[in-house]
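Right after this note come the structures.
Presented sequentially are two complexes of chain A, the first with chain B as partner and the second with chain C.
This part shows the complex of A and B:
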């Protein structure tokens, strides 16, 4: 049994790495497999390569950071989705559906408006992301007969209010300096990923992710309900707060580097549940790994299908939308 | 029950009062209703706009609506800027233009994001309105404008010839055709001048150029003004005729595509982007970056060579000289720039401002510091 568990965890860590490795072979520039392998070997053995600089630059400066960032963003979105689902005992929620993504996007836009620079964007993104969850939660509590649906409805309201606020921020922004910056931030794509982005966006994402992994067993307890959790000696308010803060931090980091990407946070935890079951102790890391793999996969798909890359959001929505309908049908709008 | 009824009645009465007050205020002193179409028309001329529509406009145009920033720049260049009564938000934020024409600050803004606010437009009471091609592609917008009774002209262009026609059209309508023709004559002269010397360079020897528009990876697609003027200026524009990513109405290239094209020269129209490209590890392997051939384009009233810029002839001269310095050693950009703004905008520029324009820092900034 113990060895099976070990194999499982090794698989969880290895599969995103395998996806990152494979995505080094996908792109517009025609690079032969052998030259890519050569470049990798050169770098590892620290030998100078006698291949053109372009090759090195494409593999190490363009494809590699893009894949790493994709893995981080996908993982962050999926793990926060899984945590929100466990926390609210609601299979229909995720960072996107609770309004965290739009809230964070608005926070980033507001920071650019107020300070005309991008230095405060993360703080604002985090703050407004948190505000959005809180608002969705409070709206969801107003009517208690169908809490699962009400929470989703609350999220819909909150995220459309924040989307409207984003449009408003764009409207009042200075078209020469602020507007392009805001659009650039919100549009964010993995296409121009640099190591610099990985460092800056990676800090909040990594912090949120590790926080969630560290307290994942408490999500199990919290998901049993407030009374049960309290009877086990868990401070529900503090623990809920920590989970929400970590999930919001991870989402805000993801939104800041790659814009709003929907559906990953909803769909990946469910696929995880199909594979490993309902136990959050296993499900949380599984979602992280699946989300990372999925986003790299979708990003590569977008690069392969047409010459001019298809934006990530389109592909994730095409997969996620129908899946959400299936979930609604399966859960009949209740909890589980 | 009675209480509820009374409350409802009260609310209704209040609503009625508020709506009457609001209606009274928004009407303003100018009547929201124009006389029936045809009644006011004393003398008219007919013109053909950029979409090929034949439009009847009054001979004497004293109130102009510019719902496209480019038209505002043209009208100002033609010396009719005082007549502008309605603009788009972008023109109001144009420091240089509002300094030349303070009336723009007071002008109405009857359009946001391409949608026309008809009441606001009628309230501004323009004799003619210029709208952009994108607005005209929406049937609803066209119908709305037709209902207003205000003659509207579509201004749109995809190449040099069409841009020249757009300038000529605005000249015809505003009664400044002579100046418009003078501008277009200069425009054509610039092209002829450059083309004559470029005959010496065969097509396969033309410099391969990547043109970065505002953002590092935003660039030109085929059938656009930049594609045309760059070709005229002797550049072999690498992104034209390629698969580009279209986001809203902007075209973007992928980093791998740019590396694949490996342009010899990169022209950048936004301050700061050139430094970004020169210092980025992702762009580092490009020949243009290695040979330090990344140039910041000049920025005057608008960014030279931008799709919506009126300073296209200047962009052509500057680009030709930048790409082929030996061929155009006789071309003095400083005196040419000075002449251009004096001749067409009646602006006497001191030497240091000219140098700032040419270095891409722009008149927008320098105008304030020059004082």
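This part shows the complex of A and C:
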């Protein structure tokens, strides 16, 4: 039992690393396997390579950061989704439940309208994503408690307000220049990923992910509902606050560097449930790992299929949907 | 152990109960009986510290519940809810382990010691073989026993139960009652329970458990005492507005089991 557990956790850590490694070999630019291996060996041994600099930068400056960012974003979305499903006692919610995605979408659209530099997009997306969740939380807070149904209602209201604002931003945007940028951003992409994206988005994502991993077992208790969780000895307001704050940090960090990528936060936790069960102690890390692998996989697919990259938001659903149905049929849903 | 002094509660402008006084000692069952909507569950929520009294005090081991944190309360007082809506198909052992929450740090998970405590609790309710079954696939009686095991895993000296046998068939009902009798007589546990079945009080009395019954009606306790003296035909008529007979059956061991037979509503 103990060794099985160890193997499982090692697998969880190794799989995303394997996906990152393998994705270095995938791309439109034809690089032979041997030259990629050479480039990697040169870097590790710190020797100069006798290959074109261009090759080196394709592997290290383009493919590598893109794969790492994909892993972070996929993992962050999936782990937040899994946490929210437990917290809200509802298997149908995703990381965007409290409006973080639509808030971030509006922030990005606003930044695209106001400034020509893309660096504001990050800041605005992150800020408005957080603001949206805060608004949902304040709407959902009655007296001193935060009942799940009120929070969900708050999320629905805030999401629809920000969706309307996104539409408004599209409506007033310059249709030749700004509008396509907004639309493309909203569909999600990792195409422009560089190391600085990893730094900017990675800090909140890493913070949120670590927080959720640390508190993961308590999500089991919170999923029993406020009254029972409290009688089991948990301060529900504090614990819910921590989970919501961490999930928001992780999701906002992801959205601000990748745009809106749906589906991962809803479906990866479910695939996790089918594979490892519902105990959040195991499910939360499993979702993280699955989300990371899935997004790298879909991103690689996206850049292989056509010359002009298909946005991620489209592909996650197209690939994830059939895969989900397959698993559902195979595991018979796992006890629902 | 638990002392309630002049307790009153109201929602906004609607009074729910007032001037309630009682105390529950070690190894005692305290049964709260009363018609639908008389405020039993609200009173239990106050005892658990989930709702705050409007007036009066609740002392748990001499300490005011108002100033006790949820974690501290949960180490002294466990709660078995009515059958609740099940969401995720957790395994039975995962459910029981949640009883350890008050003993586990904010950022930790159950240790092997916690697992041992949970397994022991499952054994006490006789469900060891159910450990890995999905909780959502249990019958009502089994699920109720699992929730009882979860409360036992909290390792408290007192458990509050809200209608522990609601929705159960005869056998499951008796299983729950027998388990309660076992626990109280063996471990000196105290139990406060709200119930719609005053006959349970007779059942406990017949099993020579130290039991008090409180009749709750018209926003307060109208009578408190032993089942035989309190659950009389007159009292039942007054709080439930029914005509009832209290009959007595001589058991094989020569003890007498009393039972209430409801006959008709009072016009």
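Rule of thumb we're sticking to: the second predicted complex is superposed on the first by the 243 of 336 C-alpha atoms of A that agree within 3 Å, B and C clash if a C-alpha of one lies under 4 Å from a C-alpha of the other, contacts with A are read in each partner's own complex, and residues count from 1 in each chain.
The rule we apply is simple: contacts are C-beta pairs under 8 Å (C-beta built on N, C-alpha and C of every residue); 3 or more make two chains touch, one makes a residue touch a chain.
Only a predicted model underlies this, so the values are computations on that prediction, with no experimental measurement involved.
In the superposition on chain A, contact is made by A:90 with chain C only, not with chain B. Of the two partner chains, neither chain B nor chain C is touched by A:129. Contacts of A:223 after superposition on the shared chain: chain C is touched, whereas chain B is not.
Of the two partner chains placed by superposition, only chain B is touched by A:194; chain C is not.
Contacts of A:208 after superposition: neither chain B nor chain C is touched.
In the superposed pair of complexes, A:253 makes contact with neither chain B nor chain C. Looking at the shared chain after the overlay, A:279 reaches chain C, while chain B stays out of its contact range.
Contact residues of chain B toward chain A in the complex are 89-90, 93, 112-113, 214-217, 243-247, 254-257, 259-260, 262, 280-282, 284-286.
Within the complex formed with chain C, the chain A residues making contact are 86, 89-91, 214-218, 220-221, 223-225, 227-236, 239, 273, 277-279, 281, 334-336. On chain C, the positions that touch chain A within their shared complex are 45, 48-50, 69-75, 77-79, 81, 84, 87-91, 94, 97-99, 101-104, 106-110, 134, 136-137, 150, 154, 160. Interface residues of chain A, counted against chain B in their complex, comprise 27-30, 52-54, 56-58, 61-62, 171, 174-176, 180, 184, 187, 191-192, 194-195, 306-309, 311.
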